[in-house]
Structure formats: structure tokens, C-alpha cells
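Heads up, the thing below is written out as C-alpha cells.
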Amino acid sequence: MKARNLMVKARNLMVPLTDYLRPESTIKEAVNMLRSAKRDDERVGVKGLPVLDAGGKLVGILSMGDILKAVYPFYMPMMNLGDFTWDGMVESLARQATDRTVDNIMTKNVITIGENDSLMKCVDQMIKNKVHRLPVLDDSNKVVGMLYERDVFFIIVKAMLEEGKDKEK
Amino acid sequence: MNAEPSAVTQVVMGAQFWTATALFLVAYALIVSEKVHKTVVAIFGASVMIVLGIITQEEAFHSKDLGIDWNVIFLLVSMMIIINIMKPTGAFEYIAVKSAKVAKGQPFRIMVILSVVTAVMSAFLDNVTTVLLIAPVTLLICQALELDVIPFLLTEAMASNIGGTATLIGDPPNIMIASKAKLDFVSFLFNLAPVIVVILIVYILTIKIIFGKKLQVKDELRQRVMEMDERATLKDPVLLKKSLLVLAITITGFMFHGVLDLEPATVALFGAGLLLLISGVKDPHHILAEAEWATLFFFMGLFIIIGGVVNVGLVKWMSIQVLNLTHGNLLGTSMIVMWFSAFASAFIDNIPYVATMNPLIIDMARQLWPDASGLALLHHPDLMPMWWSLALGACLGGNGTAIGASANVIVVGLAEKAGKPISFGKFMMYGMPLMVESVTIAMGYVWLRYYVFKF
Amino acid sequence: MNAEPSAVTQVVMGAQFWTATALFLVAYALIVSEKVHKTVVAIFGASVMIVLGIITQEEAFHSKDLGIDWNVIFLLVSMMIIINIMKPTGAFEYIAVKSAKVAKGQPFRIMVILSVVTAVMSAFLDNVTTVLLIAPVTLLICQALELDVIPFLLTEAMASNIGGTATLIGDPPNIMIASKAKLDFVSFLFNLAPVIVVILIVYILTIKIIFGKKLQVKDELRQRVMEMDERATLKDPVLLKKSLLVLAITITGFMFHGVLDLEPATVALFGAGLLLLISGVKDPHHILAEAEWATLFFFMGLFIIIGGVVNVGLVKWMSIQVLNLTHGNLLGTSMIVMWFSAFASAFIDNIPYVATMNPLIIDMARQLWPDASGLALLHHPDLMPMWWSLALGACLGGNGTAIGASANVIVVGLAEKAGKPISFGKFMMYGMPLMVESVTIAMGYVWLRYYVFKF
Amino acid sequence: MKARNLMVKARNLMVPLTDYLRPESTIKEAVNMLRSAKRDDERVGVKGLPVLDAGGKLVGILSMGDILKAVYPFYMPMMNLGDFTWDGMVESLARQATDRTVDNIMTKNVITIGENDSLMKCVDQMIKNKVHRLPVLDDSNKVVGMLYERDVFFIIVKAMLEEGKDKEK
């Protein structure tokens, strides 16, 4: 029972924290970080990183989606305006956004998970809040890792494919 | 025709009077301070009025004179339902983009056409709704033209307040006045629309002077606007046709509601019910939930709070003070009502203001003509200019400051989001002179029409 | 004490009568057929009633007797606001998980405790709300215990309908009856709660016989439930304390509303206003929008439609028919009302049913005691058992079929989502006998208490 | 002008359609497909694929998120139940879901984009509908490719990083 539990808590599945962003970084710096961040041994680049302040406190999370939102005019979702855009609009807005800093565009309301939380709680948080990655906190609310949708997905896939072999693990 | 001072003795200033007055003042102070959301203040204040027995629940919920005026609430909610169903058809995006193209992408022409469109739409829809429908497209067009959006947002907000004044359903104060004074759609159109047309024309000439010269754009940017295909947004032509049909029926209904002996809310409710039915909405919950419930409950709460202070005689006492001040001079009173309403509405919400003024004017009328009652009192020929002065003052006054009207609050919020905040001072610099201009025209109109030519 | 047959002549069956009757029947048919959403039917039907002049807008919006009973609407909406603010505190998850743990994870004990909890909560909250609060946790617990969830969902839905019968605020029919008959919270508690306790006990003994033996689980699965930490869900203890305080004030207010001379809706509105104020809600729009507007507008529309058929005399005509049938025998009428209400409510929505029966009973009383009026008529000693029979029949009858009560519709929907559909027949197989059992007990109670011992 | 426009329409940025799912496939088959799908030359595996019926008509889209949702009990989001889950719950639900087919769990309301739509319209659709990939349709509503958030992100990054050099392209 104990051995099995080891596999299914958030801390067993997370990627330990190595890369993170600072709130005062520019978008350029953040983008470089996202592209070069190590996710695990075989892959390079992630879609989102936590933002920690100088004291190591989690203040936000920045993902590719946030960068898209940074160049997306706030009035667009108020109506159906997608048909009235022009070529080069994205690029021109992107150039205007270059000097913005991370704390300007990050998602401030971060959905997190405790390192001892169950896998289903992680799925619950991801689906309810429509996020694809969760910073994992220890008891003192320090970020110790990141839990990615992809890794939860692989656990599910494993259970599906190796149906019945579960007990041996 | 002076008021009798002896009437003052009729107001008993007992414990109930002071409790109700205190509640009323605290509620107003909290609403103005914005420390607590105005809807919460209104709901809680109203419930306290009932719990303390200042107004009974029966009066609060079921008396049109003292409590919630359901004619106002159902008119508002029904129009919200119609617009909520209609919004996804893309009709409003079509209108705004089409306007910019009709203006050939020329900035000042766009400003004028969008202002006029806003004014006309505001005459039939809630001003906030209109601004929320026109402003996003305006922001997009200014982005395309690489223009400062502020002048466009400012002129649209003000145009919406001006246009909303023209009809019974254009602005909540008019809806409230119409319901209390039992005036119909055609009376509003006949008495207010003419002066609003004049005010709008003068307004456009004024903004030509203020903004006309600054607005220049390169031809290649204009090309972006001219290449927009306004028809692309019309995703659901069947729903669009149904919506336009219902809108036509509803507006026709408003035109003839007096003749048909139907209240405006009945017309609107029928329109909403019909559109719900023919649009085949599967789950009406979302359409109904999207109505502006915070605003509607604010209205409901306010009606009850005002009912409380009417019940204890505060409003009557106030009306006597006004009459003492004006010595019963009706032209003077009318002008005071207009200008006072304009400046009051520039700084406080015109909805609670009009909710208070309505019974005050009726009480004033009772003092002046103690023998009249019912329609003879409400539609007394000498009282009529008072209603129009209140409507013109309260609606046009909204242009004075950034907080004078909900439409202003919306555009200030949008400007801030766009990274170009409009300060309170900046708004007032444009708004106050334009408001004084429009109220001056309105004053001349009321004086000429009702006191000189008397038609 | 027979009805006078001559009274029949008082109903004029002219064009208005037949138009209103046709509208009423078409609206009912559409509601039952579910071809069009019932809220849309109610809104459109009501607006047509007003447009055709069968009921005036003034009556529809402002007359408690003929139009929308705002006491009912504000009671419902206020309770919805309180629950919407309270829901995120985790209090309801706490209660349900705690119940399962108190039951030591034993399936039948869990079923009994959750049913009793559901019944008690339903006595103070809307049944649908209660089921939506308890059912998700029930589904989770059954997943943990690897048990079939159907018996649990079924017993909870029925317990909720039984428990809701006990108080004035427990079920919409009671709210409507209380408002029309001007009965207070304590009268409901005093007259209905005793028999509901008996019915609930018998109900639990019955489900013991039906489900008791089938429910077995392994100890390791029970461990899953025992390891749940119910305190983990209490995320916002400050809001929880405020909510519980307001809930306590509100329920105390209900207990004493008769003595305090406050209507139930005033108490609830005060509670809602207070909680909005002290919870520091920044944006009340969402809280207000989350109220069940489709249900509330269904009520509003229905009240107006019923007002129309009352106005043309259809309800009076129906009341005369009932009296002719029973020859004015009150015990007989009372029993017929109860059983007819039970079977009617098992197949049609009990809200329109009671909305129709309320004026019918009042009209019946007018035929029986033409000299009485006001409270003397509504609270006539011989009429009282009729109200209780209506309440017991209409509320308990809901258990008869899958569509008899909103709570049933909810659990059937949940069961289907869980991949274990409950067919109409399957529900009836359990529901109908249980309903007949409970109505039989209720019948005995009414007979003994009001006709034999008369206390 | 023409040359520049070539870069900024949906069809220029999309990955041409090579892999897709069938509605009648099992979850197992779908998972294998997701893991092996070619996204572009340098990487392998995607987070979502379109579902086409026998006639080639787009009937849905299946992503990792949908697979998470397939093992996520429908009653969980109705209340805060994440704290009452147990270890092994995800795996046990995953095993139960193994025999479900793609049309059972796919997202049926697919947000798509036309091949000639502007980049801003793509961003608009992604942000408004909270999706990370869009099937690209030609004039006859046939799926011709997939547009990924990541590729839009790179266009934005390019504009930000090479600010000013845009005209040479």
C-alpha cells in the first residue's frame, strides 16, 4: 500500500523546480527562458513557468497563453471582432508589447497544489480552473516543483494500457 | 398661486421620520462614497425600511406609488432580454463597421457618424448597452487608423446621453418619469425629441471645433477600414431576421402604446416573450441571468427606500421647502428644476435623484393644486413643463462629469484599459461646457415652447 | 352547508372567458409536453394575457391577489442569494462527508443519515438546492465504496420532498399557500411537521426493507471514506461564520415572523441584504445572476396566467364544480383535495397546480361562507384542513413519479450522467408505493387531528 | 505587400494535416496516435488531433485535456470535492474508461479557422474559446491543417525580438 502511494501524490509526479521567472523581467527575457527551460531529460522548452519574487514567494505564472493575451487587445472579446482584423496586426501589437515586464502580463491568480495532494485533486484543479500546469507547494508554501498536464496524462495512459498489471508496481 | 405655509404643519417629524431620513441619508452617502456596492446598499437599506415598519412589505412590493415600480423594472429587463438574444447575431458590429465605411475611413466623419448612430441607438436602447456595443468597434477602428481613441469614446458617451433623452425608453430617468407621471411614448417624442435634435446638431458643430482639425490619417491606414467586410459578422441571418422583426414590433408597440392602452412594459415584455419563443432558446436561464441584475436590484431597493421617506413625509417637507424658495413661480421652479437636476446628475447617479424628485414634484403639485387628483393632477398643464425640465436636466446633466452617467463611467473604464486614462478633470473640461451648452438650449426651448408660445 | 347551484350563473362565459381558458390550456399543454421551455411558455403566455386585456398590467405586476405574488418571489430569490454566497464556504461538503463518517462508512447507515440530513435541510432550503448540495458528495462516496448510487439518489430525492413539506419555506407550494392564505411559519410547523416526522420514520423503515440487505462493502473501501478529512473543505472560516450567523438570524426571523408582524419575504430579504453587506461581496452581479432566474420567471409568468383565468371566472367555475361534486362535505372535499393533489402533482409540476388550486380553494370558501371575508374567510376553521391537505398532497405527491418534483428530475439527470439511467417505470416502482404510503399516513393524520380530535 | 501577407494567414502557419483520429477508435488507439503524431520535423507527439469521420468531415477534436476529462467524474466540479479523493482513484477510473471510443470523449464543438483568416483572428478564436489548437478549413470546409498556439507564439516572439527588421521579409 505504501509503495503504491508513493507514485500517486503530486510530489512524485512533479518536475522539481529549476527554472522560474522574476516579476521584473522583460517579455524578451521571459521568452528566452520559456524556450530554453529544461522540462525533463528528453525535452527542451516549456509552455509555462512560475514567477517568484526576490524572497522566493510565488507571485504569478507565465505561459505562452499569457504572451498571446499580452498582444490581444482587451476590447476584442467584448464582441465578434475577429473578422475585422488586418494582416500584420499581431506583429505590430507584439512590437508594442516588447518593453512590458512579466508582472504586467502574468496570470496573478495562480492555481497551486500541495505536494501531498492526490492525483485526482490535481486533475480536479486542472479541469475546474482550465489550467495545464500547477506549481506544487510544500507545507511552508514554497514552490518545490511543477506538475504538468502531460505527466498526468501519461499516468492515465499507463493505467489504461497496462490494465490489470497495476498491482505489481 | 403661492404655496400655503400652513401646509408645513402636516409633516409630523417623529421618530419614524428621523429614522427614515437617517437611513435615506446614510444610504445616499454610502452610494456616493462607493465604499459599498450601490446594489448592496439598496437591498439592505430597503430591507431595513421594511423591517422597521417604515414601509410595509405590501407597499414595498405591491404599491406602484410607494414601492417598486414594476413597470420600470419589466421594461428594463425585457429590453435587456431582447438585446441579449440579439447580440450574437453580429448586427451591432455590422452597424458600427458599416458606419466607419460610409464615412470612407475619414476620422472626423467616423466620429460624427458613430456619434449620431450612438445617439439614435441610445434613444431606443439603454445608454450603457449602446456604448458597450459601439465602443469596442470604435477601439478597433482607432487601432486600425492609429488614432487616439479618447475623443471618439468621449463624444460617443456624450452622444449616448443626449440621444437617450429623446424618448421614453432612452434613459432610465425618462422611464421612471413616464411611469410616475403616466406619460406615453408619443408625448416624450413630441416634447423632447425636437430639442434633442437641435442639441445634437449644435453638439456636432461643437466637437467639429474641438476635435475636427486634429484628426488626420494616412491613406494606407484608411485602407484597413475600407477592407473590413461588415457582412462577415452576420453569422446567424435567421436569428437576425427574427430579432429585427421583434424589434420592429416592439418599437411600433411603443409608438402606439398610448392608443392601444398598453403600458410600455407590456409592449417590451411581449417583445421579449415573443423573441424567446421564436428564437427557439433552449435554455432561457442564461439569457435571463445575463440581464443586469445588479442594476435592477439597485432600482428595486431604491424604490423601496424612497417609498419609506415618502411615507414619513420627508419628500413632502422637501417639496414645501422648494415651493417656499420659489414662491410658487412656475417658470422659475421649472428652470431651477432643470439646472439643479443637471448639476445634481453631473455628480450623483441620476436614478436615485429622479426616484426622489418624482414624488417631490407630485407632492409639490398637490400643494399647488390641492383639489386636483389623478391624471388631472399629474398632467396639469402648468405641471407638464416641470416633467420635461426634470427629464432634460437629469439626462443631459449626466454629461457634466466622468461619474455623471453610467455611459461615462464605462468609457472612462475602457480608456483606462486601453492605457489612456481620462482623468476626472479632463472629462469635466470637455463635458461641463458641453453640458452647459445643451442645458442652455434646453432651457431656451422650455421657456419658448411652454411659457412664451405655449403649445 | 351545501353550495348554492344558483352561483353558477355568476360566471359569464363570454369571449374573454374562452380566450383566457384556451390560453391557459395551451400553456399547460406546452409545459407538460416540454416542447417549449416552461419559462418561455410562462413569459409569453403572461404577456399575451396582458396584451389581450384579460388582466391589466397593473393587476399583473402590482396586485398580490391576481398577479405576481412578490412575497413568494422575494422569499425564493433571497434564499437563493444566501445559499449562493454560502456555497463556496464548503459547509455543505462538510455536512455530507461528516454524515458519511458518523455512519462509520456503513452503506445503509449512510443512506439513512444522508436522507435525514437531506430532509432537514430541505425543510429550510429549496429541495433542488438541497439535492444539488448533497448528491455530488453522495456520488463521490458511492464511488469510494464502489456501490450502486441509484438507491442513494432515489432515497435522497424522496427524503427531500418529504422534508420540504414540513415548513413554510421548505417547498414552493407551501410558500405559495402561506402567502395566499396568510399563514405563518409557526402554523406550518405546528400543523405539518408532526406528521412529516412520522412519515419520515415510516419512510426509513420502508427503505430499510427495500434496500437494507443489498448494501455491503469491504472494510478497505470504508477506510477511504473514514480517511476523508471533512475539515479540509472549510476554506473560508470567516465567511462561514458570517453565513451561519445570517442563517441563524433568518431562521429565527422565520420562527417569529408572525409575532413580529413581518412577512417571510421581509425576513429573507433582510438576511440576504445583511449577508451581502457583511460578506463584503465586491461584485453582487454574479451572486444575483446565479439565482435561478428561469424558475423565478416561470413563477412570475404563471401567477399572471392564473390571474387571467381567475379574472374571467374560470377558477370560480371550477370551484363550483368541485363543490357540486362533493356536495359541500368538507371532510370529503379535504380528502379529495389531498389525493387529487397527490396524483396531480405526481404527473404535473406542483407549482402551476398549486397556483391554480389556491384561488380555487378561496373561491370555494367564498361559495361556502358568502358572508365572511379577509382573514375570517381565509382562516375559517373549516377551511384550515383544506390548506393542510393541499400542502401535504401537493408536496408528498411529488414522490410518485420521476417528473413529480424538481428534485426527482435532478437525480434522474445525475443518474443518467453517472451512466446508470433510472427509467420512468423504475422510479415509479419505488416512488408510487412510497407516495401512497406517505399520503395515507397524511390522510389519517388530517382525519384524526382535524375531524376526530379537532385540535 | 503580397509577399508579406503570405506569412500571416492561417494557411501559412498551419501544419498540414497528416494525422487524425476516427470517431470509432478506442482511447488506446487515440493515445498511441497522439504520442506518435508528427508535429513538425524536429518534434514528435502532439497534445491534440482532429477527429474526422469516414467522409473526411470534421466531427470533433481530441486533446490530452479530453482524456483527463474522460477519467474525471462529472460530479466533481459541482462542488469542492478535490479534498475527498483517494490514492489510486485516477488510475482506477482510467482503467474503467479504457473501452470508451473517441466520439464519446472528444470535444464535439470544434472551434475552427479558415485558411485565409488573419493571424489576429486565430488569436481571437484561441483566447475567446480557450483552446490551444485550431483545425484549419479550406473553402469547402475540409480540414487542411492544424494551427498550434506554439506557432502563433513564435511569430509573436519573432516580432518582439526582431523589432524593426520586419520589413525585409
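Note that the chains take the letters A, B, C and D in the order they are written out, and that residue 1 is the start of every chain.
To be clear about the criterion, a residue touches a chain if its C-beta (ideal position, glycine included) is under 8 Å from a C-beta of that chain, and two chains touch if they have at least 3 such contacts.
All values reported here derive from a predicted model rather than from experimental measurement.
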item	value
Dominant chain pairing [most C-beta pairs in contact]	A-D
Between chain B and chain D, centroid-to-centroid distance (C-alpha), Å	46
Geometric centre distance via CA averages, chain B-chain A, whole Å	46
Overlap residues in chain D, where contacts from two or more other chains coincide	76, 81, 83, 85-86, 89
Junction residues of chain B, two or more chains touched	none
Topology of the chain contact graph, where touching chains are joined (line, ring, star, complete, other)	ring
All chain pairs that touch each other	A-B, A-D, B-C, C-D
Touching residues on chain C, where the partner in the complex is chain D	87-88, 90, 92-93, 97, 132-133, 135-137, 139-140, 143-144, 224, 227-229, 232-233, 235, 414, 417-418
Contact footprint of chain C on chain D as seen in their complex	73-76, 78-81, 83-86, 89
Parts of chain B lying in touch with chain C, wherever the complex brings them together	36-37, 39-40, 43-48, 50-51, 53, 57-58, 61-64, 68, 70-71, 74, 261-263, 265-266, 269-270, 272-274, 276-277, 281-285, 288-294, 297
Interfacial residue positions of chain A with respect to chain D in the complex	4-5, 8-9, 27-28, 31, 35, 47, 64-65, 67-69, 71-72, 76-77, 81-83, 85-92, 94-95, 97-98, 117-121, 123-128, 130, 132, 149-150, 152-153, 155-157, 159-161, 163-164, 166
